[in-house]
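Heads up, the next two complexes both have subunit A, just with different partners, subunit B and then subunit C.
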Partner chain A sequence: MPELGRKGFGLLSILGVLLLWELVCRAGLVNLSLLPSPSQIAPALWKILASGSFLVPLGQTLGMLLIGYTIACVAGVALGLLMGCSEYLYGLLEPLVEVIRPIPKPALIPAMVVFLGIGAGMKITMVALAALFPVLINTLQGVRGVDPVLLATARTLGCSRFETIRKIILPASLPMILTGMRVSLSMGLVLVILAEMLAAESGIGFLILDLQRSFQVRPMYAWIAILAAVGLVLNILFEMVEDRAVPWRAK
Partner chain B sequence: MSIAASLTSGELTVKSPVRRKLFGDLARTRLSGAILIALLLLLWEVSAARGWIVSDNWPRFSAVLVAAYRGLLSGELAEILGSTLYRMLAGYAAGCILGVLFGLVLGSNRVLDWIIRPLIEIQRTLPSPAIIPPLILFLGVDDTLKIFIIMLAVFPPVFVNTYGGVRGLDETLLLTAKTFGLSRFDTLRKIVLPATLPAMTAGMRIALSLALIMAVIGEMISGASGVGNYLMSMQYAMRADSMYAAVICLAASGYILNRVFLRLERAALHWHHSMQAE
Partner chain C sequence: MTEATAGYLSIRDVNKVYGGQHGEATTALKSITLEVKQGEFLAILGPSGCGKSTLLQIVAGLINSTAGEVVLNGKAVTAPPPEMVYLFQQYSKSLLPWRTVEQNVALVFESRGMKKREIEERCGEYLGMVGLAGFRKHYPWQLSGGMQQRVAIARALAAQPRVLLLDEPFSAVDALTRIELQSLVLDLWARQGLTILLITHDVDEAVFMADRIAVLSSRPSTVEMVVDTDLPRPRDAMGTRELPRFLQLRHELVEHLLHRQNAGRVDA
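Our next item is the complex of A and B:
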């Protein structure tokens, strides 16, 4: 019940802000050509939604994001497990990870554009690159944090190395892995939008910047609202997956 | 560290034959990793020098280093980097202060928490580059815009961690404070702040790398100044060596900032770590 009350309160406060925004606009306190009121943005949003013209850019953006994100998750978990379980690989790869990790990934977009152009390859690479490190680092920490007693038990029971990884290490480090994946998801979304803004001719990021530059302010806000909804939905979906995957973890 | 060692050491004694011991010792240290990096850089140098990859965009690694050295020495790159770092730190400081303030207030006041937190959650879900175009309309493309968006990116992790720290506060501590008749301000200063400091600094550490990322993003989208803008214009000007030099300088600054932060954090929290170690 308090949960319901909290959500109700949240909805009310969002509605309250929208109302305040509307009133501020109606009272003429802001320049309407820079900040239109919600009632002016709503028709623009409706036009985009009803005509179905949101489907293509949305699909493009989400497609790039999901492909790059999947690559990053698979590679990050695999590398993290390998580095966590083998001291040889840890010694070999850890310095390289430490060198590449502090590079702010957006700074690599110009270099990627030079090599891969402004197509899908560049965007997928950028998303994968940005999303890789949080997953990798968290997996590594998760594996290293596995209770030694568990590992000793597995050895006593004669588990093979593969079995130990699959039945002990992976489940025990899953909460950490998922934390990394959550950070990666928002990082990936940031990178795909940025890549579309800087070097693309399609996608939501491109549209938002393009509409701003051509001063079509209302559709620009409508697209930002759509993007916020995308972020929200992705977040909720991730939480659902997390609840399913690690039900034992306390919230 | 010891856990990973215990994970493999048992198997190593079983598996590795004596003749491989020397190689094994070498491979297990980070030395092998350093050699790998050196080899990769050598490959870069040779592939460019020998023309295995013929492209204006694939300069020698040594040329990149020379470009970085010249840029820093002549002051061109140093000045650009400095302006980026200045804005980054200004936005970072503002975001940290706001994050801590909101975290403390919303963590201890139920009603404000219910009213304000949904709005913060919504702001968090919007990918930060998307806020830049509308903000350009209001703030222009100058320092104000760039500092503001860095602040927006820094705020959430600091807020979330501070908030979590306050909510996770040991009830006994607060009751004890009340028993001793501590004023609200004293409770905050002597109990709440020290107890939530580890959580706060954890959030600030995450925010530090975000701040650098946002500084670059803001400069790339709005142009006008800074390393982000420099990168874009070097790309258009086909001066690949300067472009890579700027990336390297950025990464180095990020690394150094992180190191400095860790040093400060350890100094500020030495009592906490020593408590945990016991």
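Our next item is the complex of A and C:
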């Protein structure tokens, strides 16, 4: 099946679920004030989109996400490279990483609120913390997995240590690094929404909780739909970056 | 052979033992001693798993020996010397897939502070030598195995080595390509005045290419014998292989290796 045809075919399952949902609602099987039908949510969604009122919360949420994510990517790659290239640093830092990594990051939100308040600093920190580890671990694995033949080739051709890291180890680990970054992106999105729900006065997470509390069920669902679209778009953008950055991987 | 100088590259009593401490120690190489003259083409022939690659990597300074030393031009080899380049069998692993053919060769020039224009010129020159002038902008994975190994050869030569260490460089390509690459390497060896150590398990290849052949035994590896090929140069892919001396030598070596292999089976 051609690429477009396959994607089109997959759309059928989405349409099927929406249709079933609609039917369940119309048949009166659920309380419509608690679970509105897609056809009832759609106008609410349209209203948010058409009025442009989605721009500010979306901007707030994405802003926090991207700042925290960028910090995590830079720190994760740097730490992963250092730990992967130096047995000494690996021995020193690996236990620390293994102690902090398993903590479910949302559990740290209350602590961070005490520490940093409910502003941007807390949200950025939470995103960065959650997004750091997948990047770090994958970078580390990528670096340690570089083929010994490649490293020996660099040595026999007279590449310096720094040159080897920059020109061989870093690009060779890039596929793994990008895999980590992709996982981190969705982790970051989860954390920013959660942080906004638990402790914030702005952003999409805050808005969804606020709408639920004021019983505005249809716009609440509309925002969830917007979040789904955000996640999807971020993933598609990431895939495009990946394809351009590691064209040799597919071969 | 006439221009060859003695005592250029010496492998002196080299031993390599793996393991020990906890597991059982395996002796891979035992008292290997070989003298290689400058400008010589020496083949090291031995069965698979006999530790040939280990020996060559010790010569290259890529791994350490347990005992013994390698001396190049009067200096003990402890790290990869700039005048020696190791060419791996696995060209697909030694080429950088994110770099074009030209950029792969450029790797060796970049650290030498050359200008971009000059690097391009030099890359073109070396790619021309291996017949890949028209493939500068291709990526390695767009080329056949034989062409990829040509890129690796061009890159190795670009590093301007005096000694080239070849680790079964043709064993992963098809038979016809192998014959082509053998002639190419012989041609480059003669033109660049290189000293070459070639590791192979292919008797035909060893006899066809080398001045001398050192035969290694299986583990623990020792040098069983060293023979002069004594075949005229330049060697011809077809003609040389039809000479009585070639056939006789190949016969002797194959017989020796087969006999030893069978003896080994009886012992086991």
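One rule holds for everything that comes next: the second predicted complex is superposed on the first by the 248 of 251 C-alpha atoms of A that agree within 3 Å, B and C clash if a C-alpha of one lies under 4 Å from a C-alpha of the other, contacts with A are read in each partner's own complex, and residues count from 1 in each chain.
In this text, contacts are C-beta pairs under 8 Å (C-beta built on N, C-alpha and C of every residue); 3 or more make two chains touch, one makes a residue touch a chain.
Remember, it's a predicted structure, so these values are computed and weren't measured experimentally.
When both complexes are overlaid on chain A, the residue A:105 reaches subunit B alone and has no touch with subunit C.
Of the two partner chains placed by the overlay, only subunit B lies in contact with A:186; subunit C stays clear of it.
After overlaying the two complexes on the shared chain, residue contacts for A:37 are found with neither subunit B nor subunit C.
When the shared chain is aligned, subunit C comes close enough to touch A:171, but subunit B does not.
By the touch criterion stated above, A:114 is placed in contact with subunit B alone, subunit C being left untouched. When the shared chain is aligned, subunit B comes close enough to touch A:86, but subunit C does not. Of the two partner chains placed around the shared chain by superposition, subunit B and subunit C are both touched by A:155. Set against each other, subunit B and subunit C touch different numbers of residues in subunit A, with B touching more.
In the three-chain superposition model, subunit A touches both subunit B and subunit C at residues 152, 155. For subunit B in complex with subunit A, the touching residues are 1, 3-8, 10-12, 24, 27-34, 36-37, 40, 57, 114-119, 121-122, 125-131, 133-134, 136-138, 209, 212-213, 216-217, 220-221, 227-228, 231-232, 234-235, 240, 243-244, 246-247, 250-252, 254-255, 258. Interface of subunit C with subunit A (complex): residues 57, 60, 62, 79-80, 82, 84-86, 88, 90, 93-94, 96-98, 107-108, 110-111, 139, 141, 155-156, 159.
Taken together, the subunit A residues at the contact with subunit B in this complex read 6, 9-11, 13-14, 17, 34-35, 84-88, 90-96, 99, 102-111, 113-115, 143-146, 148, 151-152, 155, 161, 186, 189-190, 193-194, 197-198, 204-205, 208-209, 211-212, 217, 220-221, 224, 227-228, 231-232, 235.
Across the interface of their complex, subunit C is touched by residues 147, 149-150, 152-153, 155-160, 163, 167-168, 171-172, 174, 246-248, 251 of subunit A.
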